[in-house]
Amino acid sequence: MAAVKFEYAMARLETIVAELEKGDLPLDDSLKIFEEGIRLSKTCLKMLEDAERKVEILVQEKDGKKRIQAFSPGEDELENPQ
Amino acid sequence: MAAVKFEYAMARLETIVAELEKGDLPLDDSLKIFEEGIRLSKTCLKMLEDAERKVEILVQEKDGKKRIQAFSPGEDELENPQ
Amino acid sequence: MAAVKFEYAMARLETIVAELEKGDLPLDDSLKIFEEGIRLSKTCLKMLEDAERKVEILVQEKDGKKRIQAFSPGEDELENPQ
Amino acid sequence: MAAVKFEYAMARLETIVAELEKGDLPLDDSLKIFEEGIRLSKTCLKMLEDAERKVEILVQEKDGKKRIQAFSPGEDELENPQ
Amino acid sequence: MAAVKFEYAMARLETIVAELEKGDLPLDDSLKIFEEGIRLSKTCLKMLEDAERKVEILVQEKDGKKRIQAFSPGEDELENPQ
Amino acid sequence: MAAVKFEYAMARLETIVAELEKGDLPLDDSLKIFEEGIRLSKTCLKMLEDAERKVEILVQEKDGKKRIQAFSPGEDELENPQ
Amino acid sequence: MTGHNLALPLLLSVSDVTRLIRESLEEQFQDVWIEGEISNLRAPSSGHLYFTLKDSQSQLRGVLFRSGALRLRFALQEGLSVIARGRISVYEPRGEYQLIVDSLDPKGVGAFQLAFEQLKERLSQEGLFDEARKRRLPSFPSTVGVVTSLTGAAIRDIVAVLRRRCPTVNILIAPVPVQGEGAGASIAEAIDVLSEMPQVEVLIVGRGGGASEDLWAFNEEAVVRAIARSRVPVVSAVGHEIDVTLSDFAADHRAPTPSAAAEAVVPVLAEIMERLDELARRLRRLVDTMLQMQRHRFERSLSVLGETRFRIQAQAQRLDELQDGLTRALTAQLTVLQRELVERRHLLLAQGPRNRIERFLVVIPQLCKRLEQEARRGLMSRRQSVAMQMAALDALSPLAILQRGFSIVHTISNRKVLRRASEVTVGEAVEVTLAEGQLVCQVEKVMPSSIS
């Protein structure tokens, strides 16, 4: 997912919609960018669905090395912010 | 079909229609362009129907995928390497 | 028939009718141009009927195709390489 | 009949009537031109009747064709190569 | 008869009558012209009757033809090649 | 008789009457011319009678012919080739 | 306050005395240095700053006019101890004296403040705080790095807001002490580490509110420089809104609170989804509209094309008319000609020789009749003439004497009428004519003398 930037996809999708809105494209070009738009919207949706939703913490080991580990600090605390 | 632009065909068709509407063409000329118009209209219709079908397929595909994705996100990614 | 322009024939026919309507032609001249007029009108009628038939065929063909297209778009394309 | 112009015959007939009206012709001369007048009037009548018949034939021929065409357009075209 | 002009005969007849009326002719002369007058009158009458018959024939012939033509135009044409 | 003109005879008769009226003629001369006068008058009468008969015949002939002509014109023409 | 002031007139107006006091004060306090604490600070829109300098016992009103205020290198704050330099004057409308400040320097915080100012000045010279360096935050980062303390409300607030707004975002926390000895170095190191991690797209650096000394770590040069060199955009969130640190100056975005920082870093996922949905819908609608439009355009052309048939039919109608016209015109001419012919034939028959013949047939018998009459009349008149002559002859007849008894004797031989007896000889035969009849006699005797 990292390779395809979600933002880029969204921006391109917006551009495509704007292009189509101008309405001065030839039929086959319209169809082409429509297809691209459909694929982009699928990609975006997929990116969102594929997201991992992790909360991690960078921990310093005794040897000074740093390590990432999952973090669930008092879930209660996170879920109920005052 | 790819060689004939829909817009070109439509523009020519509209020119023909305008010519026919003016009604000052000799009979055989109007027959000739009528024939051309009929051929063009067939071409245009075909292009339009192809486009409509393509849109339909793309849209259905999208919706179909969406539903499939909801159950097996991993497989989907393998089938559509973007 | 191709050599005789429909419009030319019609114009000549109009002239003949006008000449006859004036009623001051010698009888045998009147008869001669009447005969010419009858022949012209037959020619014109034939041309119109041919034209009508042609239009009919083209239109039917178009409508027929349309119906065929709805069932087998691929074949249609092969039969009409434009 | 082709040699005698109807109009000439009519003009001559008129002259004859005028001559007879003047009444100063010798009997045998008046008989002669009366006879000529009678013959001329017959000739004229015949010409008119011939003309009428011709018109009838031409018109019927035209209408006849028309009716035939409506049923067998192909054959008609072969019979009348114009 | 052809040699004797009707008008001449009539003039002579009238002269004769006038001569006789004058009454100064010798007997034998008057007898002679009386006889001549009688003969002239007969001649004139005959000429008139001939003319009458001829007119009759011409007029009847014309009407007869007309009636015949109405029933058999083709035959009529063959019988009267003018 | 032909040689004696009626008018001459009448003139002689009148002379005779005049001579006799004068009365100076010897008897025998008187007798002579008287006798001549008688003769002349007879001659004249005869000439007149002849003439009358001739006129009658001519008239009858004319009227009779006319009546006959009405029934058989052809024969009449043959019998009187003028 | 010299004696000669007593030489003033006994009665002074308030203005006069106020003016005199002002002149007197201004003369004596032209340039004074005064130490005190700022209170009652007011900053109206004019740009002038009004405040009260106070110490434990006294207060002095002061004003720093706009030009001086702009020259200040720090923000004037309530309770700040300062050394002010200026002159004493009187505000005549109120009769109040006040310090008109020329320059103002902080006092009390002393070294910290000075260091802050010096560092700020230096880093600013380096361009670290330039607006141009500030980067746009990613609009939808997949992973957010957070540099803060694990204890305290800040991390709680940040994680809660991030999860609430955008449940899909990954959060990577680098826990650091945020105050006390070594805090700055830890923070700077954490920033470096996180900013170098490829998945991190944006950093939040900060802590909750506290005393200004507690926030000091975020003014340290190491932290400020770490923020400035971060690979990814940094959002600073130190203390409360009023707390200003150098980190705030260096960060790409300054958030007033940690919660605000979390809000600035991620969008609301629901909105994104909605936008995505909307785009997909619009995409579909646009294509449908375009296809419909083209279809409509096409159908219109097609229908006009279909009208070609009507155009041909119109021509056929015109042709029919012409055909009718053709036959009608010729028939009309034939009718006219026929009528003319009939008229002429009528005239011919009327003017024919028949009349003349009939006339002559009348005339000739009349002539014949006249002929006959004349012939008969001529004969008749002649007959009358003859009769007349005959009658005359009859009347004149020499034989009339015979009726009276005379008779005529003439010789037989030469029929000579005898007048003398001597003319005959005896024995000669003579003829005697009587009134009626004749006698032939023989002469017996001749007697030559007359009977007298």
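Every chain is named by a letter (A, B, C, D, E, F and G) in the order it is written, and numbering of its residues begins at 1.
Simple rule for what comes next: a contact is a pair of C-beta atoms (placed from the backbone, for glycine too) under 8 Å apart; a residue touches a chain by one contact, two chains touch by 3 or more.
Keep in mind that what you see is a predicted model, and the values were worked out from it rather than measured.
Looking at the partners of chain B and chain G together, the chains they share are A, C. Residue numbering at the chain C/chain D interface overlaps only partly, since under half of the positions present are found in both copies.
Once the centre of each chain is set as its mean CA position, chain F and chain G turn out to be 129 Å apart. Separating the centre of chain C from that of chain F, both taken as means of CA atoms, is a distance of 101 Å. If you average the CA atoms of chain B and of chain C, the two centres end up 34 Å from each other.
One simple way to say how far apart two chains are is to compare their mean CA positions; for chain B and chain F this gives 134 Å. Shown for chain B are the residues that touch two or more other chains, namely 6, 27, 34, 38, 41, 45, 48, 51, 55, 59, 62. Of all residues in chain G, those that touch two or more other chains are 280, 287, 294, 308, 312, 315, 323, 330, 337, 352-353, 357, 360, 368, 375, 379, 382.
Those residues of chain B that touch chain A in the shared complex are 2, 5-7, 47-48, 51, 54-55, 58-59, 61-62, 65-66, 69, 73, 76-77, 80, 82.
The residues of chain B lying in touch with chain G in their complex are 6, 10, 13-14, 16-17, 20-21, 23, 27, 30, 34, 37-38, 41, 44-45, 48, 51-52, 55, 59, 62. Remark: chain G residues 306, 308-309, 312-313, 315-316, 318-319, 322-323, 325-326, 329-330, 332-333, 336-337 touch chain C in the complex. Residue ranges of chain G in contact with chain A, taken from their complex: 138-140, 142, 150, 153, 155-157, 159-161, 163, 167-175, 190, 193-194, 198-199, 269, 272-273, 275-276, 279-280, 282-283, 286-287, 290, 294. Note for the complex: chain G touches chain B at residues 280, 284, 287-288, 291, 294-295, 297-298, 300-302, 304-305, 307-308, 311-312, 315.
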